[in-house]
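The first chain written gets the first letter, and so on, giving A, B and C; residue counts start at 1 in each chain.
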């Protein structure tokens, strides 16, 4: 009998889906998401889902309890959102949300109370144009992806500029419409360099360290990566938006695994199915993974037809338990994976 | 074509206001069967508190927030048409609206019923403002070739070149437009364009006088339905000869968060209807006006945990001094054996109500407008 | 280059495209009319705004009909291949499939993409793709067309409205054509039909459609269609249709009415005959048919100019292309598709399977106001690059000062050239003359002159003549 040697956990293992669409009319209300764009988890394990469809933030938990919602929009007043893109908690459980249309960062406490805002549109240092990703380091400094200025800007949590780097281009340290950002446990800064189809790594002072990835559909290649997350052991997860998938890499950037998503029904959807037996019954005999003709088989169209697949995985997030959350803006839910 | 009594125009001074609640208003949560256990069984998430219901009788009542309509009901001015619908319910918004708009459930119709009404009462389009829509874009119900209809999104800025800030320059531009569209064109199409432009301008000129004439003590709510009905009132009192008024509000499509949303929608709507009616009464036109309020379908009996999904079988209202207040049709059964695929069954065809309004109120022949003869409800006081 | 060459090219670009700027017209004239026709018929890289950028700016633009219409409008506005979009619009109007029943924008967009791919090729191939298109199948109930329980809706409309025209086939042809299409359905049809009929976007948004052929549901029996007998399947029916003179006449007439003139007169009839000949000579190729039309004397004649009422989409896109707005993703684009809808033409929302009734039917008082106001606003916006360029060109040749009549004539020329009747011109001239001559070069009056120019462009856009293409 042989004892099992410890092997590295190198596969993406699907565990559950949470969510359902909440739509209909001018007001959003009730349990459900509409165009979720980002997830952040508070220190007490609540899941905050930032929605772009009608601009509001929903709170739920892993047991699929819908806890509440705040920041009903869209609007431009204090505490309102217009085109929210990304979110992150600092070490004091304050939630920061970037807004691409209002060019600002809005801050809430974990009960949803508005605390403040900062940011103004422009291209001078300290100004932002279409802010996307946001992440915090161990000193509670915020890294903002300044999309249309093709750069990263580092601010204190009160919005004072510390440093910035980047510029439009495809060389090391340059960017082309970057999207997501994350900070790992060593305070390295990782950027999803969207239109350059690569991931770049920097020190917390903005010095270029390395980059990986190139354009394509193959393993380890990207098509417009929107998000990047790193777990406590340094494994890297990339939200490969244009390829409608998530990829897993070693800390050195070597490809390990990928997933197109495999969402299942949730508690909220079960309730829906109960009151709509016609949909429940016809869905039961449907093939949810159909074979598609060539002209409909590119990732985007395939995902529009194959409901369990990711459709526009705009963000990836790692929680304190190293769970991966993949936010799907077109399917109004998120899927959770573990590295196993 | 032509009306039943041999004269054009039917009842010459009577107004019809059509208010469309878009998105599929939830019937069961509007007129609530508060004594029926099945209501609560089927709607654990969204059922109303029976203590808050504005009772009509021992079985059903208005939902809270409908106080203005309840007040009119108590005055005998509201007809409730229960279980209104059409054969083979269609639960798609656009298609279902088309059916109501063209009075053709079986095929795709192309002529709007209100367009036909306008043509009947004003066959030569003598008055370009016989029918006015409050909202942008011509609603299908009013669409008919040769029938001019003004669609007024914003009454104050309605007309040509609303973006020109300088009033002086704008006036000159409109002058020049009038001259360019005034003469004969080189061919039939140019002629037609000329006539259409002239009639649009005429309508805009006339509508432009309405706001200045409006005096009222009523304060409408500042929301889209309040604004639209206020505009309708403004036009009605300006003596421009408008007889058919149309507007819509929504969306009542409460798949989720129904409790919250339906409250807000009805607060806005009931208040606006109440204010509108009070305004009409203040101006002495309450004997000559009826309001018809409908939605394209009802919603499912069972809630989905947050709201309700598309169903069938709805409710419609007719409001006015001349209306025989009361209930018409039957309140549908919630029993499973009576349901159609989980939905309420309709028990009267909407064309019956249309026919009643057309012949009893407007006094024009209904059959050519609704494509057939339908039994009528006795809705109007003689 | 002569004025008449420019005028002819402007006419071609109004019809085969969505108008063109004066700069573009001069480039095209330099290459020659026939060469331009060939360029249009053989589109290369459209160089449109890339999809990924559109999706980054807009959240779920193709989710609903207004957004999906706007997504297509981005293409119409920025493409280097306007005929490619115009002919796609033609097929969309002809094979009208509405959102109101399908409740699935992504599937209708897929249909439109299919039209684009097949738009200039063989009519036969296009009809086969159309028959397999899931949005069309659902729209005309072919998913309810079963072996032993035939639903004739698609079979009938294919013959009546899409390919042959009333009076050219019998009821039996309809029946047997319908039988041949049994089994042509959607994947997961029961679930998809329930969702569509209820307009359900739950639980996780909408699911787009794809074609599925079910041989077990196909009526394989013998059929007689247009005088031929055999165990026909759908493709066989299309083969027979495509070789009918009635099909050649049908598609040629429709193309003529869309590109040449709302009404067909005696001269038009002759052109249609030539188009029919090209149809057969080329193996049913739409490209050849259009080549014949665009190169015909009739099409090039003065009588053919300004003979069509611009459809709302043509009006809107044409003005935007002239003005140079919406060249980059802009959250206001959905407003543009709404404008076209308020004018009476909502992309993906044809009133019925008959499509839109064109020509004079576009003109009714509410729509006319919307048209005039939209055009006036866009053309009067002097901060837009296209408008600036027009004003620059208007002022370019005179050393600056223009009399009212020169000013009007130059604007009409640079904007088109647009022809207006004498009476119209008189009104325009006296409008300008209220403030006398205009100097477009003098810096000290630059702002005032620019404003006046914008006003005149708006007023020209408001004329009756501007409603025509």
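As a working rule, a contact is a pair of C-beta atoms (placed from the backbone, for glycine too) under 8 Å apart; a residue touches a chain by one contact, two chains touch by 3 or more.
Quick caveat: nothing in here was measured; it's all calculated off a predicted structure.
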item: Most contacted chain pair (by C-beta pair count); value: B-C
item: Per Cα centroids, the chain farthest from chain B; value: A
item: Chain A and chain C: spacing of chain centres that average the CA atoms, whole Å; value: 39
item: Gap in Å, rounded to a whole number, between the CA centres of chain B and chain A; value: 45
item: Distance between the centres, which are taken as Cα means, of chain C and chain B, whole angstrom; value: 34
item: Per-residue multi-chain contacts in chain A, two or more chains; value: 21, 23, 268, 272, 276, 278
item: Where chain C touches two or more other chains, by residue; value: 198, 200-202
item: Two or more partner chains touched - positions in chain B; value: 255, 304, 309
item: Chain A partner contacts - residues on chain C that touch it in the complex; value: 51-53, 55-56, 59-60, 63, 106, 110, 113-114, 117, 187-188, 190-195, 198, 200-205, 207-211, 331
item: Residues of chain A defined as touching chain B within the complex; value: 21-32, 268, 271-272, 274-278
item: Residues of chain A touching chain C in the complex; value: 19-21, 23, 35, 37, 52-53, 83, 101, 177, 179, 194-195, 224, 242, 263, 265-266, 268-269, 272-273, 276, 278-279, 282-283, 285-287, 290, 292-293, 295-296, 300-301, 304-305, 307, 311-312, 329-333
item: Footprint of chain A on chain B - complex, ascending; value: 23, 250-261, 264-265, 300, 302-309, 341-342
item: Contacting residues of chain C [partner chain B, same complex]; value: 98-101, 103, 196-202, 309, 341-342, 344, 349, 351-354, 359-361, 363-370, 372-373, 376-377, 380, 421, 423-424, 427-428, 430-431, 434, 455, 458-459, 462-465, 467-468
